[in-house]
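Letters A, B, C, D, E, F, G and H mark the chains in the order given here, with residues in each chain numbered from 1 onward.
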Amino acid sequence: MKKIKEVNCDLNRNSRCGFPEFIYGEGKTFEQIKLAICEIRKNNDPVLVTRLDRNVGKKIKKLFPDGIYDEYSRVFFIKSKKARNNPGKITIVTGGTTDLPVAYEAKYTLELCGFSPTLLPDSGVAGIHRLLENTEILQNSDIIIAVAGMEGALPSVIGGLTASPVIAVPTNVGYGSSLGGLTAMFAMLNSCANGITVVNINNGFGAACAAIRMLNRYLSNRLSKSPLLPK
Amino acid sequence: MKKIKEVNCDLNRNSRCGFPEFIYGEGKTFEQIKLAICEIRKNNDPVLVTRLDRNVGKKIKKLFPDGIYDEYSRVFFIKSKKARNNPGKITIVTGGTTDLPVAYEAKYTLELCGFSPTLLPDSGVAGIHRLLENTEILQNSDIIIAVAGMEGALPSVIGGLTASPVIAVPTNVGYGSSLGGLTAMFAMLNSCANGITVVNINNGFGAACAAIRMLNRYLSNRLSKSPLLPK
Amino acid sequence: MKKIKEVNCDLNRNSRCGFPEFIYGEGKTFEQIKLAICEIRKNNDPVLVTRLDRNVGKKIKKLFPDGIYDEYSRVFFIKSKKARNNPGKITIVTGGTTDLPVAYEAKYTLELCGFSPTLLPDSGVAGIHRLLENTEILQNSDIIIAVAGMEGALPSVIGGLTASPVIAVPTNVGYGSSLGGLTAMFAMLNSCANGITVVNINNGFGAACAAIRMLNRYLSNRLSKSPLLPK
Amino acid sequence: MKKIKEVNCDLNRNSRCGFPEFIYGEGKTFEQIKLAICEIRKNNDPVLVTRLDRNVGKKIKKLFPDGIYDEYSRVFFIKSKKARNNPGKITIVTGGTTDLPVAYEAKYTLELCGFSPTLLPDSGVAGIHRLLENTEILQNSDIIIAVAGMEGALPSVIGGLTASPVIAVPTNVGYGSSLGGLTAMFAMLNSCANGITVVNINNGFGAACAAIRMLNRYLSNRLSKSPLLPK
Amino acid sequence: MKKIKEVNCDLNRNSRCGFPEFIYGEGKTFEQIKLAICEIRKNNDPVLVTRLDRNVGKKIKKLFPDGIYDEYSRVFFIKSKKARNNPGKITIVTGGTTDLPVAYEAKYTLELCGFSPTLLPDSGVAGIHRLLENTEILQNSDIIIAVAGMEGALPSVIGGLTASPVIAVPTNVGYGSSLGGLTAMFAMLNSCANGITVVNINNGFGAACAAIRMLNRYLSNRLSKSPLLPK
Amino acid sequence: MKKIKEVNCDLNRNSRCGFPEFIYGEGKTFEQIKLAICEIRKNNDPVLVTRLDRNVGKKIKKLFPDGIYDEYSRVFFIKSKKARNNPGKITIVTGGTTDLPVAYEAKYTLELCGFSPTLLPDSGVAGIHRLLENTEILQNSDIIIAVAGMEGALPSVIGGLTASPVIAVPTNVGYGSSLGGLTAMFAMLNSCANGITVVNINNGFGAACAAIRMLNRYLSNRLSKSPLLPK
Amino acid sequence: MKKIKEVNCDLNRNSRCGFPEFIYGEGKTFEQIKLAICEIRKNNDPVLVTRLDRNVGKKIKKLFPDGIYDEYSRVFFIKSKKARNNPGKITIVTGGTTDLPVAYEAKYTLELCGFSPTLLPDSGVAGIHRLLENTEILQNSDIIIAVAGMEGALPSVIGGLTASPVIAVPTNVGYGSSLGGLTAMFAMLNSCANGITVVNINNGFGAACAAIRMLNRYLSNRLSKSPLLPK
Amino acid sequence: MKKIKEVNCDLNRNSRCGFPEFIYGEGKTFEQIKLAICEIRKNNDPVLVTRLDRNVGKKIKKLFPDGIYDEYSRVFFIKSKKARNNPGKITIVTGGTTDLPVAYEAKYTLELCGFSPTLLPDSGVAGIHRLLENTEILQNSDIIIAVAGMEGALPSVIGGLTASPVIAVPTNVGYGSSLGGLTAMFAMLNSCANGITVVNINNGFGAACAAIRMLNRYLSNRLSKSPLLPK
């Protein structure tokens, strides 16, 4: 059988969308991921592979030793040499310690694109003082990424405390009727705090991309349309 | 066709369960409800019909003019003459104004059984100060009934603020992915605050009965096993 | 029975969140809505009631003749006299004509808060040229609100064409396995275009509030922290 | 990368809620659990880790040899030296033998807080005599925790036999349309016995906490507000 | 447009299945039902129309005055003149009064086929004595049809009390998480009592047909293969 | 407010897709439908409005008296004068009489595009002889559209009898666990007969369009790429 | 900790229900199953353990070498010495080969209780001739157990061919939208063939018990109430 | 126990349906698959086993060394010697690289039946130019098989670009609210592009069979009814 080119990277996504094509790792073979990384590197874009399981991850790390593989959040990334530090205060809050892998996925994505987010872990609403004592940090954030599983109440309380954009990330933390994170996701979509937006379950990466879209728009205006990401 | 006796009231429920048989009004004909009320009155129990729609409700009110029919909460009730005032601080909190019919269903049930609950409406988590300024009332309550729709976050925050028993009542307030109240219900069942218990969607009546079970137990111990409800 | 104050408006929400308390109309009685409007007007905030059905809507319009009631989108609003025109290019795109009530809900909310969104109706992906011929408008938008029912593919295509923030609003347009809009909502949450965020089904209002959060942040920075909304 | 403090224990929960922060073990790393246990012990609170899988459980047990790890119910706990014996008759009933791990989770939680529950296993409604012959025990209980999977009918029958508070715990015992315990949970939420409250699937721990909230309230009243749990 | 013959009755179903083609009334026009009844009468079979709404039902009754239309259970039927009385003790039990329309649908179907079922209404498990005092009737039944909504526990208890075949009929009695009867249906399918079989929600008719299949088999053996139904 | 052009017809769809833009009637206002019809007529395309409810339908019929409005299937259509008769044997089979509105929707769509389908109503699998006696018609069909609700078994049996393409249309005929047609739809998607394809619930229109796509391809090849539909 | 007796066998179930307590193996420990088998054997009842996984199954077989463990259907059983051969023609039909483990579970259960079922495997509706050529066997069966996954159409076709009782057993054979067998189960519950009853997914055991209930009733009448199962 | 013949191949399916009985591999034992292959080979039909897991697949390959086992798509096949090359342009498009196993299942099925499909991988709508640059290939295809997971938007865009039949294959690529492919499947069933048909999740095989049904019909007409597949 003739060999089919199985990977077809979207190499001008950076100029269109403000971030390059990142690689969805789950279900891809080692060969497919290797091929995609090579294409992206040729383009001088930073490399990010999400949801990359241990077995393939370790082999990829061995092949690209300048990259970092974090098994806990299943992320592999290679920073671009031209990366710069962007302004923009992004705060990532988690309901519990168990939500951290998702928060790290967001954090690595943002850092790869030149942002320096602050992480406030374990601030769930069952001990609301932990959240309230950070009210000022929250109100001074340009964007808040709120990561929570179980009943997903965190973004509602944050949304009521601040005027900042809040991106809610449901996680699959919980069991039984948490329905693999659907309960948190549905709760966030029905927040009584107005103007909360939501991404898929465990999608820390998507929340980071949404934040980059917002900050890109903001920065590109202030900075005379200069591109946000390293070229 | 021979006439079947369609209603078979459980007339000794009061002595077994601490409250008499109440009547589930939805889907019952006027004749069936009338028959059930008559049996219960013969037994000298207080009468409560829940989920009773307007058409039948008005006819029942006309037939039993000493009863009260509240169309807003769809409740019909006739107080027993031997009702007494029971101790016990019960607080009913609602997330929004729209949750009130469910809160009233709980309130009427409790009042019929001799309790005097306090109602704190419109205290949702998007304006958390409204809840926090009532912290003392909540902490002094023997039982808190927390009624909320949408994302159902209210009981989680209350549960973290107090040591009191919290009975969570999800409501069908919301739309789309609120799933007719399932989202609030699932959220409450997955509360990160420990020890929250939950009843069916819109089941203010059930929450009241659960509160009565708890207070009955408490009172019967202190009051030498005397029955709570009027006989 | 003593009269309970059923409405407890969160009158400092404007200073905390950048928009005042708006009123969720569904399931509220005429009296409750009237009371809420009066409180908000006393506070000199603009008035917005969403999901307000015809019967109550007409009575509210009669009582507050300076307001506008749009039966098609079920929105009632009264502009504040101090409203000003805010900068910010917001584009609202709909998949089909049938999605328009939701788009109008977003449009009215934005206009009430001083923004002037552009509306591009009937641009679904089954005639992709209709979308592609507006690529420049989309790429020049500060925020895009993409409203679609059925398979909800619109935000994915837009997200791939632009670097702007995209807020996806699923609608209940469709039947059978559209599951009242859940299919569009799930599809949007699983968009292969990165960084799309999603609000509840038919929640044009929520999308507008999310846009206001983003633009508020942007404007408050550029405009030396001056508040966005009229006080 | 700077090390983030990933665990942020809520160390005054005992005074607020009547029980200390317990640790949700699922999805936490060995390091995170170790850190949390250390913080709680410094506070002199009893330690409870739920849903702790075998691999991590065994390492934790090795590190804290004064604790007990029960692999069957996935619970690890360390009793506080100041534990005392509280009054209060709590009965835990299970539908089948297979529901026992959940019942043990409840039992260990209660014992850690100084209560001495009675366990009646394998009393499902298909052999109703097994339940009826324990009617007196049930009626004399201050609280009944009813644990059942499959069709979840147990709490309905118990609720009809007694005036005591009944906390229903659905389990995931069953297969196919038992839907991982959702069927039992939905059934319990729709009990025709009034005043049954429900916790999440397999949440024996939560049922125990709810029981503690009730008994705490009762005891603190009778015992002049003295705190229930050891300090 | 040429007229299509829209109804194509299966007129030899009686000889194949032991009961004739009955008519599913929901969604059929008056003309279609009229046509179907005429065909069945020409065949000298008894007529049964289920789920027939008021408007069409009244017109059908006017056209076929020898038939009976019961609006409560939405059943229309015309007895065959050759009907005979079959042996076989069938007991129909209902959980509550509100389940009666479904029980009547079963009862009419059985009576039309020559059986004389006994109806025990309002025997739900929350007052288990009401069921236990009928234990002997249940044990002497050739078939038990157990009709219940809400948590659907009735068949489990009956199945544990008797050796008779139990056909469980879930009803849509309940609200919220009763999910329109799905909760009762799932519960019955997961009964811990062995050998319970289940039909669709509200399908009293189907339960009756299942009973007829069983009794037909029994009778045809004893009565030398003579057909059960009138020809 | 400036008037927005709410309808944006895709007037070259006929040349791209082989059929013109048809109008989805549900949820559109009278004005929107009128505007869409006018645009399509200017283009000399045939007009089809599906899912058009009685009130609007009657007004549209009055405005366009050369069109036909069939209330039973909720279809309005105006034939193009240049319509021609296309070859191609299409057979529409329904499980029951109650599935007919969906079958008619398919039939009208096909006829509008110049095809002459055969309709075999009321051929459900409970009387399998009714299907088997039409085996030859089925095997000689170029395309079979199988319309069924309830358990949706019809396409599986047809698919096993023939080599022709089978398009399965689930309907919402049924109640309870038919889940508004989802059960039939899921069943058809899981057919043990290979190569069955499925459209949305009640989507007779979509099945007809799929048939047109197939026949167009076939005809355009044989007929030297001449367009199928009238221009 | 004091040892709790974790198993509480219902040893008079045979006299009440016509079959002894059988053991649900899933989720039970080796010790629990061993204990239950010992109790049942002391009672001289036949032993049946269902859903018993390989690891425990092999240890149980070693302990009770007179029993048979079938890994394919996960059944362990020990025949009673007093077993007798009961009359009654039971036919078990499966849609495909992959449904066989469920069919064997039914077969072993029936054989243990003295029946001799006939098994017709791989008779799915996609090759309907395979079913039709067995029409006579089906029509002569006292009970038919129809086992099928995927779209679950088998019982509908069988139900239309025969007057015998049909017990439908959905299996989890299939993938994707077969939803682990829910699709087959829902389809069977919505059968257009009247009088089909359904058990839980993969519940061959339950279907066998239902068959025993029916045949017991029949036999006990004919055989002067003598008990069916060996004592 | 007497040995039952567990496999009952439908050996004349080729003449009835245009393709032979293929083997569903999942859940079958090695012995069952071996037996089925032997029967099919005796009939001189080509052999295809789908969803065949690694362990059994390797043993089958060893036994039938002239076959090919592709572990990636879980397909085993043995070409028939009489295979011929059929005309017909079939294009298989995938949204992403991760959808490839499903695309290969379709490709192998088509090739086994003598077709030569073209595969266009990784053409998702987030980089719509990748699809648009293949517009001509798509418009010249006799059939398009569109394979996509996540939001499943691909077939909608393709359906709007072409007049060809489009068979949509949802895949389980995605996580969280992709619901194992249900989201993509529901989206495809609700496509705003008319005339898209859908098969089960991951059912590349079924899509290929549907394509064969269509092409068979076309070819048999043009080629005087000569059978498509090798005999």
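Brief remarks follow.
Quick note on the criterion: a contact is a pair of C-beta atoms (placed from the backbone, for glycine too) under 8 Å apart; a residue touches a chain by one contact, two chains touch by 3 or more.
Predicted model, so just to flag it, every value in this text is computed and none were measured.
Shared contact partners of chain D and chain H, listed by label, are A, G. In terms of C-beta pairs in contact, F-G outnumbers the other of F-G and A-H.
Averaged C-alpha coordinates give centres for chain C and chain E that are 50 Å from one another. Mean C-alpha positions place chain G and chain H at a centre distance of 36 Å. Centres computed as Cα averages put chain F at a distance of 26 Å from chain H. Shown for chain H are the residues in touch with two or more other chains, namely 13, 96, 126-127, 159-161, 176-178, 182, 185, 189-190, 193-194, 200.
In summary, the structure contains touching chain pairs A-B, A-C, A-D, A-H, B-C, B-D, B-E, C-F, C-H, D-E, D-G, E-F, E-G, F-G, F-H, G-H.
Residue ranges on chain G touching chain H, taken from their complex, read 72, 96-98, 100, 119, 121-123, 126-127, 130, 173-178. The touching residues of chain C, when paired with chain B in their complex, are 4-10, 13, 21, 24, 26-29, 32, 36, 51, 170, 172, 180-182, 185, 200-203. Against chain E, the residues of chain D that register as touching in their complex are 95-96, 124-128, 132, 150-153, 156-157, 159-161, 174, 176-179, 182-184, 186-194.
Only residues 13, 16-19, 22, 142-143, 159-167, 185, 189-190, 193-200, 205-214, 216-218, 220-222 of chain C touch chain A when the two sit together in their complex.
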